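Both of the next two complexes hold chain A, though its partner changes from chain B to chain C.
== the complex of A and B ==
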């Protein structure tokens, strides 16, 4: 018992590495922020962050960075102004962005603000080709694997075209995602660094390449245009299929061991009762 | 904060208990390391409890183990929709079969006086944990479907981060509630494992998985003792 308690105490006092480190703002910025923002030129969706601490106080910026939808919902006039300037594309809540990280990011942005301006990112406006759309579909279903080893979209998502039997149900249906993210720029930004709590840890290590992003944007844009509604729910038919297979397995067990009592045990029990 | 408690502290506490208590029990009370079979006390309901439960649970556990050990192979298998659906329906069917067996075994323990008498509190806690785990697993399969793919992408890196003593809970922190409950209950079972008859799982080799069935019978005059089924 003493051994057990010693082991438990030493385990609980052992601080797992990674919980008390200084926030690494540069790495965080390059993973989480660059999909939408730049320092020194406008980003794909968001404003140029150079000099942001001169335009607003940290008391306002930190809570906004931590939870933009909450500040927007509170009716804050400056937040509304930012929303209008960004063509009504709302900044999402970024996983892992706490007060310490927000301050570290503002320090990093301040330090970078004087540096040489970077070229603004380009969003293509040409219509996509059928090959690009088809290639995007293959990346989506996993028929073609993603270069850096990330799982295919169908692990968690579906679209009307893929159908509910083809796509997963951990994440949302993506039929109309292009509309939700306000078109090509939003899709491209999201795929550059998907900012959901489940996707970030995977896609920050196994990034999508530029051509994969272009093809996936092509596929998702075409889905939004041609598919009338989201994929119908599959839960009932999937459950029924499971029940049917389970019953078949039970029948099989019953047949395999159908002589289990009859040959020896039942006669023996009957004899003993007499 | 709760995420650190449930997805870092709890797994480590559970694993320490699993090994420490498991080994201690094996050394101090070796004859208690058994499934404590009740087959010869009641044998009719026993078949429809133990057979579906064990085949179902072993199948489901093997699928989880495959996700942990060969995640890339699982993802490659799932790249064709037909293969994915076959795997998922099989997993769900095995889960349902395990549930059928477990519910039968609970009914058997309540209904048969002979079995009730040899059932202790840890058996009931274990049965409850198993029931919760299987029901949660089935609900996850239905409502957060295609886990054979996303387990390999999210749960596997998290589990390996635990095993390599460099826990990274970001992979599971954003999971839906059903999935989180399924994980928490799994580690509760691992921690509780060595205190229960689950201990029979680790008695390797396990030849009873493939050896011929063994008929246990009374070596006394049942008529004289007035023992009736």
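== the complex of A and C ==
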């Protein structure tokens, strides 16, 4: 018992910083924010954050950072303005962003605002080649594994054109994701650091490489262009395939164990009755 | 020579009256627990009939026993390659309906029914579901239905008979039947033991009783189809197999098994025999028509000095050898050639032997007088109401010779005793009959004595089990010598 509590205490003291100390805003910013935002120049999707505390009060900023969709839904005029400026791409609710972290982030942004403006991230515009699209499809379906060991997209997502079985249904259909995220910039930003409760924990450890992102963007863009609708629901065909396979298995069992024992007495009595 | 001792039983079918006392004695002691309702470790069947479970003798269905494939002895039901694909569903498992759905009656209705114009009745209730059931079959349905067109006619042994003989068996006023008490044969080559994937079934070394280790049984149920006599049962409550244990707790205390002890017709005999275990495989695989004679070769003469020496070398105690020398089974089977195994063609070398039953010779009724059609009883074995081919199917693997021999000898002994007690058969005829039946006067007297007069001590020669010696194999008696004289759960600590 004594040994156990010692172990427990030493474990508690070894707890990661941030548990009881100041939230590490810089690290958080570099993981969660940089995909869309920048300080000192416009981000890929979101506005330049330099001087954001001068443009709005903290009383407005902190709740917005914690839950952007809620503030947008409340019909706040400034929030609507921001949405329009960002080509109608909504900022998502960032997992792990609480009031303390929001304040720490604003402190960090204030501190960085005076520094030298950083160059805006480049969004490539050159057209994708067929190989890139194809390679993107292979990454998506898992035919080619992602370099840092992240799971293939198809585990949770589906698109219009990845074969008759489709992909997973846990995440949203990605056929028109390129349209939803306003093209290349949005896709690239998302894939650099996917900011959703499910994806962040996975992809912050197993990052996609630059070339993988480019291939996937190529594939998703081509999907959007050539696909008339969302991916067809494959639930029904899964079900009917299950039924067919089950019937085939039963028929096979029936043939293998054709001569199995069934019953003696009932057929004997039935025969005698006739 | 690998001499071992086997407790072996003999049922004198000519004395069985079909009273089922044996079955009830067994049921009350061993199988009135939950999960064993449908089990009858001992049951009595009416022949011709389909038996229990229905048509158990039909191995095309149940795949019990052994067969010789390319000169090698193999189980019909399973093999090393078949056991894995079939392990979750054995394809030749009898269903509950083939045994019967056990039932009781709602006796409380007889007492609790409100007063009315009609007598209250006790409705049958299934002992499995607890619901009311329409009783469709029972453990001796053949007899309950009086040899019906369904059950008697579907006896698998009748298939060997010509249509005329079959018809003759069921003719009014010539109808014949007899009883067949059955229990585990405690075979020398048990198929159930061979089929068990968990090694839970074993044949006890000192007396050859076949048992299921309840701790080791995993409920695969391979034994159930493998046993051609369908005498291993699955307990649905414990999930393990159970079978006749030959009342070994009784045997170990020098009492005969309950079914033997309670038999009112005194048809049951029990004694041990010595056999040569090294020849089992060879003999179980011999051609079908030699099975009976070869099985007799397997049983050794307990008075032969060579056998006695080999038995002692194998660690068989002296009193077990003495007991084998007095064994009634040995006399019936080996000395007199009367005892025959049940369905030897299953090749399990059963160690329960039957004296085949006599039946009335054909007779006709003319006005007031009933007249025997024949004059010479001895030669009318073939004229008996139960065709000898039918008995040969059951006791001779289709071979009529050993059955005819046993029946003739019984007739001859009867003629001899008729000469002695009634005197209407003259001595010369009786003696001629004995000679013809391969019997001497002394033997006839001995057969008569053991058949008709034998008391408890003569019918049951129970070998001492010597459990203390069996225990010594597993546990060192010197283990605690010069050790503490007490058993301690917690050892004493000196403070």
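In this text, the second predicted complex is superposed on the first by the 214 of 274 C-alpha atoms of A that agree within 3 Å, B and C clash if a C-alpha of one lies under 4 Å from a C-alpha of the other, contacts with A are read in each partner's own complex, and residues count from 1 in each chain.
As a convention for this text, contacts are C-beta pairs under 8 Å (C-beta built on N, C-alpha and C of every residue); 3 or more make two chains touch, one makes a residue touch a chain.
Keep in mind that this is a model prediction, so the values were computed, not measured.
S.K.: Report for A:272: first if it touches chain B alone, second if chain C alone, otherwise both or neither.
M.R.: both
S.K.: Regarding the shared-chain residue A:197, is it in contact with chain B (first), chain C (second), both, or neither?
M.R.: Only chain B; A:197 stays clear of chain C.
S.K.: Now for A:166: first (chain B), second (chain C), both, or neither, which partner does it touch?
M.R.: first
S.K.: Is A:261 contacted by the first partner chain B, the second partner chain C, both or neither?
M.R.: Touch partners of A:261: chain B and chain C.
S.K.: For A:228, select first, second, both or neither according to whether it touches chain B, chain C, the two together, or no partner.
M.R.: After superposition on chain A, A:228 lies in contact with neither partner.
S.K.: Which chain, chain B or chain C, ends up touching more residues of chain A in the combined arrangement?
M.R.: Larger number of chain A residues touched: B.
S.K.: If we overlay the two complexes on their shared chain A, which of chain B and chain C does A:77 touch? Say first, second, both or neither.
M.R.: neither
S.K.: Which residues would you name on chain A as touching chain B in one complex and chain C in the other?
M.R.: After superposing on chain A, chain A residues 257, 260-261, 264-265, 268-269, 272 contact both chain B and chain C.
S.K.: In the complex, go through chain A and note every residue touching chain B.
M.R.: 3-4, 7-8, 11-12, 16-19, 95-96, 141-143, 145, 149-152, 154-156, 165-170, 196-198, 200-202, 234-235, 238-239, 241-246, 249-250, 253, 257, 260-261, 264-265, 268-269, 272-274
S.K.: Touching chain A in the complex: which residues of chain C?
M.R.: These residues of chain C touch chain A: 50, 53-55, 58, 61-63, 85, 89, 91-95, 97-98, 137, 149-150, 153-154, 225.
S.K.: Which positions of chain B touch chain A when the two form their complex?
M.R.: By the definition above, chain B touches chain A via 4, 8-9, 12-13, 16-17, 20-21, 43-44, 47, 51-52, 55, 72, 75-76, 78-81, 84-85, 88-90, 92-97, 100, 141-147, 149-150, 152-154, 157, 166-168, 170-171, 173-176, 179, 213, 215, 217-218, 222-223, 228-229.
S.K.: For a test of understanding, state which residues of chain A touch chain C in their complex under the given definition.
M.R.: 256-257, 259-266, 268-269, 272
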